[in-house]
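Each of the next two complexes has subunit A plus one other chain: subunit B in the first, subunit C in the second.
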Partner chain A sequence: MSVPRHWRESVKRYRLIGSKCKACGKVHYPERTVCPLCKSRELEPFQFKGNGKIYSYTIIWAPPEGYEYCKPYAAALVELEEGEIVTTQLTDCDLEKIEIGMPVEIVLRKLFAYGESGIIVYGYKFRPVLPIL
Partner chain B sequence: MEEVAIIGIGCTPVGEPWHKSLRNMAVESTWAAMEDAAIDQVDALIVGNMSSGNFNDQESLGSLIADYAGLGNISAFKVEGACGSGGAAFNAGVMAVASGMHDTVCVTGVEKMTDVVGDNATKILANAADREYESIHGISFVGLNAMIMRRYMYDYNVKKEDLCAFPVNSHKNAVHNKYAMFRQEIKMDAVLNSPMVADPMTLMECAPICDGAASAIITTKERAREYTDTPVIVKGSSLKVDTIGVHDRKTVTSMKATVTAANDAYKQSGLSPSDIQTVELHDAFSIMGAIGLEDLGFAERGKGARFAAEGQIGIGGKLPCCTFGGLKARGHPVGATGLYQIIELSKNLRGEGVVDAECGLAQNIGGTGSTVSVTILGRG
Partner chain C sequence: MKTIKDIGIVGYGAYVPMYRIKNSDIARVWGNDPIRVPVKEKSVPGPDEDACTIACEAARNAILRAALDPKKLGAVWVGTESKPYAVKPTATIVAEVIGATPLINAADWEFACKAGTEALQGALGYVGSGMSDYAMAIGVDTAQGQPADALEYTAAAGGSAMIVGPASEALATYEASCSFVTDTPDFWRRQYEHYPKHASRFTGMPAYFYHITNAAKNLCSEVGKEPNDFDYVIFHQPNAKFPMAAAGMLGVDKEKVIPGLISPYIGNTYAGSAVLGLAAVFDVAKPGDTVLCVSYGSGAGSDAFSFTMTDKIDEVRNNAPNVKSYIGRRVSIDYATYARYRQKIRM
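Up next, the complex of A and B:
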């Protein structure tokens, strides 16, 4: 697999950078070049905070090729504070205690690797918001 | 616009035929349909297929299948819309005939999925979603549907037991279908106790990975009577798309592409849901059956599973669904499925099926509802 394919997405995946429509103000994640709401092509980068709550989730027991190493793992649709929903894995959590509405926050994690000597792809995952001690 | 009719249908048995290749199966179903129409040539071949490049390292399917079917240098190409490729190819075929571009068209759906093994097939199927922003997170296609299912159960307070009515019904209907992959009945307990694939979705709520090919020959309604006494009329054919990602939908418990394609097909046909007597639902997952019934206008929001659990989708029920076993039990060779649905509806309308119907509907979904075609067929 070529490096540029993942390199070109890396900043967006590491820092949750999407886009904001300069015409109507709508924010998007993933980034878009045309606003689906008003068709404007005047968009700017938009940094999402990375806080949200679980809209729905699943626990994957039969993973696609390349993800066997972390089975079973949780995946979720997370509704961000800014309103957009992102698809993500959940991490650092008790699989038995996940529920819809649970507050979560972004963390940077390894997603998968192309074999033992291939590139390692990193990206966001979300974890339950830790209580402040 | 010319009215379009189906004059020939054919398919291969669905399963894991290790001795048959992609081209073997596509040629077999193409000729079965041409024999049914009593013809030995068509003007164009349109192929529905999701992922031959990944499953079989083979592209150029228009050429490959036309060549090996002995059809010569006709017009031939492939149409792709993930698991909805078959329905998309049929829609393209209808456009080709209705426009007057071609007189007689063969639409063949084919998928040979078992040339790869296990989790590689799971990865290829996940290509139906957004690879860079959904599948990259290790979320299988079942996983995406499981998240839709959990939200549906949460929003409408639906029990998993009610959703089990879809696989139970499909298995019951597959028993009489000699082309079906699983010809045995199952009970609700078997579905509930089957292994977890993506919580809350268990194995027996999911359609199998398998191989198959199915074909339909279409021509103008006017010409159809020259070939057959039992033409099936295409009353409506529509395909719509929605966002590629589930995360970009206003709601995940309804598929906008189904709603809009159905409205379009109803409008073309001048019919409404109450005129439809049988439905081939895209029951790749139990949840898709429930949402499909609601989006097509047969059940109220949140009541699709109850509608099925009350026995209304059985043969003899108010609205027989998946009458030859659906995706769950007939099998779901992805790019071929839309064509299996068309030929099963046609059998019922020709009086060769299991339901006596004047009018039926087929819904074929690609991705998580990102491409949906709706076809309404009627007795000629």
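Up next, the complex of A and C:
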């Protein structure tokens, strides 16, 4: 993937910015140009809060190139508070204690790096909600 | 040093990675006495964490406590010696992540372990002079100690963000500060070197203690107080012993240092150290309490700050995880896992 493409997508990945259909109110991540529900082309940027719960997950033991540094890790579908489901990596969690329905929150982490000299790609992951003592 | 406008800290946020390695395990690997170690354990960043991600977490927590629109920030300054990029600012990523771009000043600051308070001095001046209403200063590091070196026992990861703003909105008002620096080569890292070098015991009396005590004394002289007049005192924490010794030299009761002393549990977070101690004190201080915070950075210098807590602290304290929460969130790892996470095995 080229540097400009990462740059174009970075803000949406950093802050979980999707889109909201002005016609039917459906929210999407990633952003859409056409609402898949009502086919409207009237959509606006939508900021998700970044809170959700685990809808489903799997443990990755044989990751794609570039992700070996954090294997094994959990890849999950997270159902956001606002209703959309996003694909994500889970971090800061005990792989044996992950449960469907577990509350999770967004966190910014390194996704991967282009070797020792290329760019570092940051983006969202989710982790179990931190308690406030 | 005082400011033209009345200002203070309007939001603060901390972050400490959850992994810990015991000092006794490091000592075991290198054949040293597992009893005579500088701290109990130290924090280790996860494989997907670096100074940038830690800065972002601390910044988000600070924004939560300040309940501030990030677009109102005039600056995001990150003090660190473990920049993910040698050339490319960490601060622009942080500013973008929290939604503060594009009309903002963003830059990385460097002064070994006092880079965070150096950024804070800048933010106090920026807001105190009226150039901006709000500015964020972050001290953060994922410090690296050479395997088997004395610093490997303490070089840790963590960070803290402070948002400076008007005194009327502050959780802690700013009274004055003092910077005290000399050319003292006690610790350094040359270009392209992976690990820093240090001058062993030279890092003590002519370096840490000389600058810490003089910065504290000069600040106290300016504000007409003695160091022990403050309710809480935070010193830079390269280990568990130095801050207590500095307290003894300045006549500060040790119980005033303990609430902000976190190095025994997470090690030395370098540029994050003094500001994380300050966050730990903000977590427990009551309105009206006075706080003295003195950093130290090798090379060398100290920044000393005087703050007074306001009623607002009780309103915002629980809007984000406190330092105790992060210290309590711990997963112990062995030396082999630590070596993998810190990329100490070069392939």
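The criterion applied here is as follows: the second predicted complex is superposed on the first by the 132 of 133 C-alpha atoms of A that agree within 3 Å, B and C clash if a C-alpha of one lies under 4 Å from a C-alpha of the other, contacts with A are read in each partner's own complex, and residues count from 1 in each chain.
To be clear about the criterion, contacts are C-beta pairs under 8 Å (C-beta built on N, C-alpha and C of every residue); 3 or more make two chains touch, one makes a residue touch a chain.
Remember, predicted model here, so these are calculated numbers, not experimental data.
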{"item": "Subunit B or subunit C, by number of subunit A residues touched", "value": "B"}
{"item": "Which superposed partner A:V86 touches (first subunit B, second subunit C, both, neither)", "value": "first"}
{"item": "Which superposed partner A:V11 touches (first subunit B, second subunit C, both, neither)", "value": "second"}
{"item": "Touching partner for A:P131 - first (subunit B), second (subunit C), both, neither", "value": "second"}
{"item": "Partner chain in contact with A:I120 - subunit B first, subunit C second, else both or neither", "value": "second"}
{"item": "First (subunit B), second (subunit C), both or neither touched by A:V107", "value": "second"}
{"item": "Which of subunit B and subunit C A:C70 touches, first, second, both or neither", "value": "both"}
{"item": "Touching partner for A:S56 - first (subunit B), second (subunit C), both, neither", "value": "first"}
{"item": "Residues of subunit A at both interfaces, subunit B in one complex, subunit C in the other", "value": "70, 111, 125"}
{"item": "Of all residues in subunit C, those that touch subunit A in their complex", "value": "18, 46-50, 52-53, 56-57, 84-85, 93, 96-97, 99, 318, 320-322, 324-326, 328-329, 331"}
{"item": "Residue ranges of subunit A in contact with subunit C within the complex", "value": "10-11, 14-15, 69-70, 91-92, 94, 107-111, 120, 122, 125, 130-133"}
{"item": "Residue ranges of subunit A touching subunit B (in the complex, touch as defined)", "value": "9, 30, 36, 55-68, 70, 73, 75-77, 84-89, 100, 111-112, 121, 123, 125"}
{"item": "Complex contact set, residues of subunit B against subunit A", "value": "118-120, 122-123, 126, 130, 132-140, 142-144, 146-148, 150-151, 154, 195-201, 243, 245-248, 252"}
